[in-house]
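Note that the chains take the letters A, B, C and D in the order they are written out, and that residue 1 is the start of every chain.
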């Protein structure tokens, strides 16, 4: 199938940050192209976005319902192949369900749904329809995060004992949501974001990164949530102790009131033979600290890498970043989509793409953290 | 003109690194799309590349001559708008000239030509045809390089006294060209690369960066060139003292035998009130050192930036890199191309795009360094 | 009193790391000199150390009891002025008590005592004797830690919301104590170390640093302790959530099984206007992140510093480190000692020297963490 | 000889920076003690310094001539063993000569003398008297600089090709010398500093570091000197190309007008198998970049170090700095001094202490750079 896959976009209208990101990421490796969209629930704003994306008016829709219906009726050689859903969380489930039921694969941003119940329902839809659904846990797309996972899995640091994972942001230190800032507005609104604030928006990233890199599964959570900004209805700060299934323990925090911080998600994992460290602020380096030898800095693009090799486009030293990590997830997803044509049982996991199970686990994580934060008991079991 | 610009590519066949980069960079912001190419002088390899790019066979050409001729005869609504030339240096001038003469705008990789004479001739073609020609001095596309330029120009570091600019690579430390590695092969071959080796390939980047950031012009050069690897016919190492037009002085080195180094181009500029530092290895940070106050780290994507603001796509902390810097040059070039429809006198410089003058200056730089390196006199005037 | 203060040392025999450190730190600024010692409970080893320190045999004692008695009988112009106690924790209280009761000031390493009960008793001895007792919480001796405290206190980061403090070590990742390594041997032995392992050895440092820098007091602890190395009788790993008296919260971990880590104690404090960060690995820099302005890096030795100014000896850029931080505590202590001659009510706190109250608080911290770790309740009040 | 060596100090009066440094460094390891001094040519200021150092009035002298004479007449068990000379450059030779001729060993700060002629004369005095003379090239005292030397010598980076060494300072960016600042005053005065400004003060450090680490000898210099501050009579900025005896080449700069810079002396050496990098700003790390393997970071105090092992006092991660590097030179010098008692032919070089030959080479370096800077010929031979 030497043709580009055709992408539809739900959400991503004017003022959206993540819509443009998905478009760039999906098209980056030349394997897909945006062909249609329902960019906003306001038709006029949807058209405005369609112009921005240089789409023909005929493929710019006034609603996602309309888009799914209309595209379904196009010829197989014309209609979209998959849809990326980049709306606020309360508008993930319904469009995803409709797309899947109409035969379209889906990419949905995290957290996967508004609630755990929706996530469970979505899992059933995926199973029933046999379509592919990917969840964009972006950070597991970084080449050196993949390399970290390989190093841990292959025993470079020995048996894992400690995990420290953190996601500090500072952008919600003030009452940004009152200024009309679109990103802040829905993220602090329980009706659109769901029950979790910081914990849903970035805590899920941190938890997924911890499990992805370490190969360990969280089994116990002892959490606190805070809302530091007066009047804010969702948590803007989370911190917790974690227990893992093979005896490791650790700490996680995800906060949006670490004033002055940007998006420096960071993970450290220590085993009995060494430790590894990766952070987005230095995304092209992976630090490996053996127990009794000099530290090593593994660098993206270098010939000695394993997993990371196929996930870079530039020679070492030409930095790749967030968009490229995002693209790695899309490009792996596209391989699965192409394979799906011949093998409907294709497993996203084998393509290293987070799917509905990871999405569901993220929703369960939010729900468990909320229960733990409301409990006087130290530990709450997960899931 | 709400449509994507149509891109043709000359070069960039299988094994090419920079061809894919240009494709990604040009398409990144959704303003252009690759529609045709003459990817290799071997028709079979050109077709192979065309498949890789998912192009229809009808738009994949066996030679650039054929492409230019065929595209010229397509309807205005179909034919390519501009061409990116990513062949080895000896194949820059002729395709560029033909494109310009047939009405196509041109993007050409640096160094602009094989020789200074070619560069001078190309400048005349540009003037005569009135088409736009951009030269991809990639590093001046980085948002914080642009911010550095603004800080210097606005007096934040005072009158410039010292410039240190360097481009250390290590990939040519061994006889890589004998292994059949395509990149090494033509870069070390005077018949394809021109008279300069390291000095042409990366020295020109360093010199352009120095002048771009500082606003100073090099007026004197005292250079040495070396070939450390036995049998190598071009320099793999260059170093020099520099004089600038407003009294500053400094050092430049560009080497391909700094074993273990990747592509860490770096610049430091000091004035009488402070200094600035930027390096590709930490591309999203710009260090400003005032004379008597704490160091400052300016970060990409932040609200307090001037010039850098329009050149990022992600919130602060989500790193952008080399591809995005490259895209910044293309996206600015596209603005000029669209403006050119209404105003053929559009000035690339006003759009912050390096043009034929910068390309010519780079060729003169190579030629002057070569003269200096062969001279016993300490200083050689530039240009 | 233009003379050096005379120092006695209890502990610090062959194989001791911290004894030599105290000697260097005390003498560094030329204000004191080691004149006598009871370096080991084995007289022969005490003499060996005495030779190493170039002390006359007459001032090298076979036991601390003997030393205190003998020195007390020397003339005021000859006898020691103060004693540094660097023995394992179970041998802090008795020598400290005897010194104080015989009129000698005391410097004792942390944790101050073997148990909370001892610490309470020691506080009474200090009050009764009117002598000075300092506890070497080394990290609060770093000039930029002092500057961090000033920045927080003066409102540079606004109202404190979050504190993250950590002390990762890796040296106890294996069964080092079975190899006869002296440092590991007593630190993992409850009979010599007390009830706390990592939590006592380095957790106390982290807690003191958090309170020192932030000016906040810990009021609640939710902790876990682990012993990862089989057979180890004390914790080698600790992690906890913290609550502070003015509404802040945070995380603390202190571990000795973070394989590959050295001694990188690190603190981050965030308020509603910005954040600060300091770590021992880059001890001469302090990062200040204002909410909406470029990051700042404050550097040791620079003219714009407040508190840090008097605590450096070298121009900026000539790094000072651990020994100099240690010396800052001693040198401040000596000022208090000299002042004590004229004003027996001299307050160590005014000299920025941690005293018996800080030592007692450290012991209470260990005891509370142990209680929390054994509790199913999420929070345990402190103290 | 279990006694401390007795130190005399010439220079180092009130306002001196380097005098206090020498006192601390000499005493740091407990092997020496300051016993006397001629701290200033103004007797009153000398006494003031004597009080600061807690010396008895009888050992505080009004002039170095008086000190040398008086100390010579004290009993062997009382008189000083060696003298540290920390006066401005024009007052190095005469006190050094007198000390040596009266049987005292000498430590002299760099540059060793006021002129090359003086240096040659001093070498003869050393030879004639058989006393030891050390020159404090401080940076070669850093443990990881020593490790770098070992790595290069043992072939870890292969045959050396390129050396880049730099010493950027910014403190003379303005007319500091007119403000009465003592350090600036004599360093910019040809009558006290000699013919070199920046080149003598810090260029000599850079050149010594390059030769020390690489084991290569400079054979050719192509230099420029500048005085950027109006009215300044000596160079405040130097830059040059270098040639080395075994085919390597490189760049050196030493400047005092890199506004905002502190004292970040830095060296990079590249061979055909890898490269190393060390800088004072991260003094406890040494970067080794093998050609085709992950970067390594060697850390001070770690068990895997060779040469560096004996030159640290603290466990890894507790940073040591400038004073400790300085102390390493003194402590090695003291070993030589003690050995000298039994073997007057002791070789300082075997103890890794820079001696009169290195001092002389530094003076020749200054002189050659000055000649090169005044020449239109590209290269000037060294020495």
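Note that contacts are C-beta pairs under 8 Å (C-beta built on N, C-alpha and C of every residue); 3 or more make two chains touch, one makes a residue touch a chain.
Note that the coordinates shown come from a computational prediction; the quantities given were computed from them, not determined experimentally.
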item	value
Pair sharing more residue contacts (C-beta pairs) when B-C is set against B-D	B-D
Centroid comparison with chain B (C-alpha atoms), farthest chain	C
Where chain B and chain C are represented by their mean Cα positions, the distance between them in whole Å	55
Averaged-CA centre spacing for the pair chain B and chain A, given as whole angstrom	34
Centroid distance [mean C-alpha coordinates] between chain D and chain B, Å	43
Set of chain C residues in contact with two or more other chains	261, 288, 295, 299
Contact footprint of chain A on chain D as seen in their complex	288, 292-299, 302-304
Contacting residues of chain D [partner chain C, same complex]	2-4, 17, 20-21, 23-24, 27-31, 33-34, 51-54, 169, 171, 261-264, 280-284, 299, 301, 313-324
List of chain D residues in touch with chain B within their complex	157-158, 161-162, 164, 166, 168, 170, 173-174, 222, 224, 226, 228, 237, 239-241, 249-251, 253, 255, 257-261, 268, 270-275, 288-291, 295, 375-379
